[in-house]
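The next part holds the structures, each set out as structure tokens.
You will see chain A twice below: alongside chain B first, and alongside chain C after that.
And now, the complex of A and B:
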């Protein structure tokens, strides 16, 4: 029993990374209707920035949240206005898709040039600290990751519910045309949700840097994992996306334990396909959103 | 009393394009007679372009004409290459094997079946973006399955075909060049005749407005699955040709995301939903990556990334869209989500 509980806990902790990324994807997809495949690459980029600021300036990764996340937000705004603004308005979604792919190629290979192909990871003084409850062992850093995920989900949720821009973002995800007719600046709404999506990539990047080792190729797989988490959780629901991430983490850990490490990916993509076919609205999504897409 | 045939009924533009196309076909088909394609670098160059054109035409059919964005072409390409490699390696069909037509057709049939099996559940229940997600997932599963295939697929090492070459057969790129060119032309003709027939009308109707197409009595699912499967067939045949070129089929060379994104980029750069767009796009993109590779070795993926972004920013409707409105070259209309 102890091992099963340990697997579940590990799964949840792994899944919190997917959860953060999925919330970002869901915001971007909700308003702009594009599959932002470069999300994983952005996460890896911010993980490298966190790594860099630790190695060069000795800044604790959790302190660098305060530099990386605002930087990510500004970068998101910049990327949106530079690249996606016109493309998001087009009917043809191939353009935005390819823009994301181009960005992915570009950043992946810039990372490769700057930091080389060696996998990197942070070695913090408190990396080894472990919380022991019964026979379950939980590294504090991974627990902090879950906290980070819950915290960012809460912040995004409050932003969407309590602020005017947030309300506009929610309205735009429901019906972009009607939103524009209401006099809402749709470009700004897209820009804000895109920037928040990238800022969440910043949070996930810091989280990744503290726990996992990463290299330049990690981005694409990670973006697809986030997409799987999003499909599991369902569109249009912040906590749904987070829950989807946690669930995906659990599925992967169960698969690793019961089937074998090599089959993790088959299990997660298989779940993805099954969910898309039999439960396209996801576990916590709203049916209406799927029909319109 | 007429000395010249009456040409007034002919579409001038169509005539120009057809004659230009015919000239190009003659040029490329006869090129090996006055240019050494085996040793000269343009042989490899054109061979790669043709292979990309085949995959791109397949994607053009399902996504350009039918409007269902497929992100699984690399899976079909890889499955095609593996079908050829595994049948050859295990000596299943007892036929000639090196550029064996039986094998090449079979390596189109396997992805075709896969596309039908995957396409029916995905296309009957999902629209638009969700179909793209589903095909992306399928591509990832296929890749992982081939990596984990153990003794059957050779795992990450893949299958080495060089020792299996029949005796007395010399590896000459001239064969590759011609076969790839022939298949690329055939693929283009198939897409042309499909899309200029009633089928094409149905496909375009589905692209423009699925609900309206269904209410006009078009069996939407049937046509979508058909376009998806024919596109998969083309990708598979292209995979087998490329396998004959590499003579070693591994997950990292036939299932990479290059075989997914580059054909899409080529179609979009050339002009989505146009018959010559994939050709133009393939030449331009491959030229860029070719020279990028030789002049800025090591930096060329960065350059590809920049090129993709620049093309999408400044040429979102493609090279064919630069001219005027060619019949049948219209982009996806309003409300074609």
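And now, the complex of A and C:
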């Protein structure tokens, strides 16, 4: 069975989607301290927009990155100021969490209304192209997903490390009040990190549209998978979140191959529980997703 | 007498719990003013209200004659009021230099970034040596220097330092106080909240004593050091905290 290598490759390619979503969750959680459960639904929404612009206007999905991602960023700013600005300032994070859940179902049902329940997917002229290395087969489109994930991680990393606002985001995720004391507008800092989180949902949405078939119910599962990836990788580290995503992809593929397809979900949520209990700071994280008392 | 800061009959509450009752205080330009009192007297609350983190119920906060009550923290930092919070509140995972950069975040301060950085490194040479190290890995004394340095980066007119000596050894406390005096001699006005009352009263030009949310006494440092009530209540007979 020369297929262990194939399983690992498949896992990494699947996991790159989780990775992009997890980086977004990590940014939003870092500053606002909420688990943004609508992240998966936002990804599905942007997948539909990508699908739409391909079907209606024939725009290549990779070209629509340049429209979908900026649109996602602006939508992120809008959602933040409309929904989360006040809630994020509250001590009680349940308000934000419930808002995110409400937003998730709202968008799910909007998608259902607009695009119906029929699963959609893109049929691109180059969908079938496969890279063959030895006995490993890698569809080009999935490889491109990995590229998107690595590229996103790198851009977010550079933003956090090299820009002024990025430094402020890191500061705010450590101590919001101390950030305010420096004269920094911490509401804007939250807005920017939220918007980048949604822009990443835009990237993941384009990626999803190119590879998967998707329907309106796909979002919640995806958000949970991103959360599992984040728990695996650990908070406070962009590449940790990405690595968590890749690892989750690998775990799921291993489970599918060695135990059976039906066990994929059991394996990933089982991992989730184990990590939360025994390794709450994740594999690469600085801070626990759940605090140990 | 040019008053840089005038707090007039300020009242603050946390929800239903009143924390400050009609507190007034004046800080003359170029001076060091100490604010002392027992735990829970309202000193930190007063600093937070002055820096805009807390909204007062009533009263006025005049800075160079202008009422700041309706300005947010950012605007107050722009005006030159900068706080060094209790417990230092450094960004531990960030480097020393990144912490200093965040201190000079606002455009006006950023324009003077190079000068400010040199000034901080002259005052605190150890920060230059540890520039690229993580702030959280430094000793308590070094962290306090960084906290003050971060405030200096904002080009403050008034620095409010909350419990600079907390958790520091007597020798380090003395060092920090000397540095605060040096900073003051460079022209920065200082409002000092201190548990180490003896030391604070020695370096200040004027001091205020707070008790359970009220301003109860004020005078020069020497006057208060000579005051029997102050000595008994806070200083200890031999100034034993030193």
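Assume the second predicted complex is superposed on the first by the 285 of 293 C-alpha atoms of A that agree within 3 Å, B and C clash if a C-alpha of one lies under 4 Å from a C-alpha of the other, contacts with A are read in each partner's own complex, and residues count from 1 in each chain.
The criterion applied here is as follows: a residue touches a chain if its C-beta (ideal position, glycine included) is under 8 Å from a C-beta of that chain, and two chains touch if they have at least 3 such contacts.
Computed from a predicted structure; not experimentally measured.
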| item | value |
| --- | --- |
| Which of chain B and chain C A:236 touches, first, second, both or neither | second |
| Chain B versus chain C as contact partner of A:108, first or second or both or neither | first |
| Chain B versus chain C as contact partner of A:168, first or second or both or neither | second |
| First (chain B), second (chain C), both or neither touched by A:199 | neither |
| Partner with the higher number of touched chain A residues, chain C or chain B | B |
| Which of chain B and chain C A:182 touches, first, second, both or neither | second |
| Partner chain in contact with A:87 - chain B first, chain C second, else both or neither | first |
| First, second, both or neither for A:45, with chain B first and chain C second | neither |
| Which superposed partner A:144 touches (first chain B, second chain C, both, neither) | neither |
| Residues of chain A that lie at the interface with chain B and also at the interface with chain C | none |
| Complex interface listing, chain A residues touching chain B | 29, 33, 35, 83, 86-87, 90-99, 101-110, 112-113, 220, 224, 227-228, 231, 262-263, 265-266, 269-270, 272-273, 276-277, 280, 290, 293 |
| Touching residues (chain side chain C, partner chain A) in the complex | 51, 53, 73-74, 76-78, 82-83, 85, 89-94, 98, 101-103, 105-106, 109, 150, 154 |
| Partner chain C, residues of chain A touching it in the complex | 164, 167-168, 170-171, 174-175, 177-185, 236, 286 |
| Chain A-touching residues of chain B, taken from the complex the two chains share | 63, 69, 121-122, 125-130, 132-134, 136-138, 140-141, 144-145, 147-148, 257, 261, 264-265, 268, 272, 298-299, 301-302, 304-309, 311-313, 316-317, 331-337 |
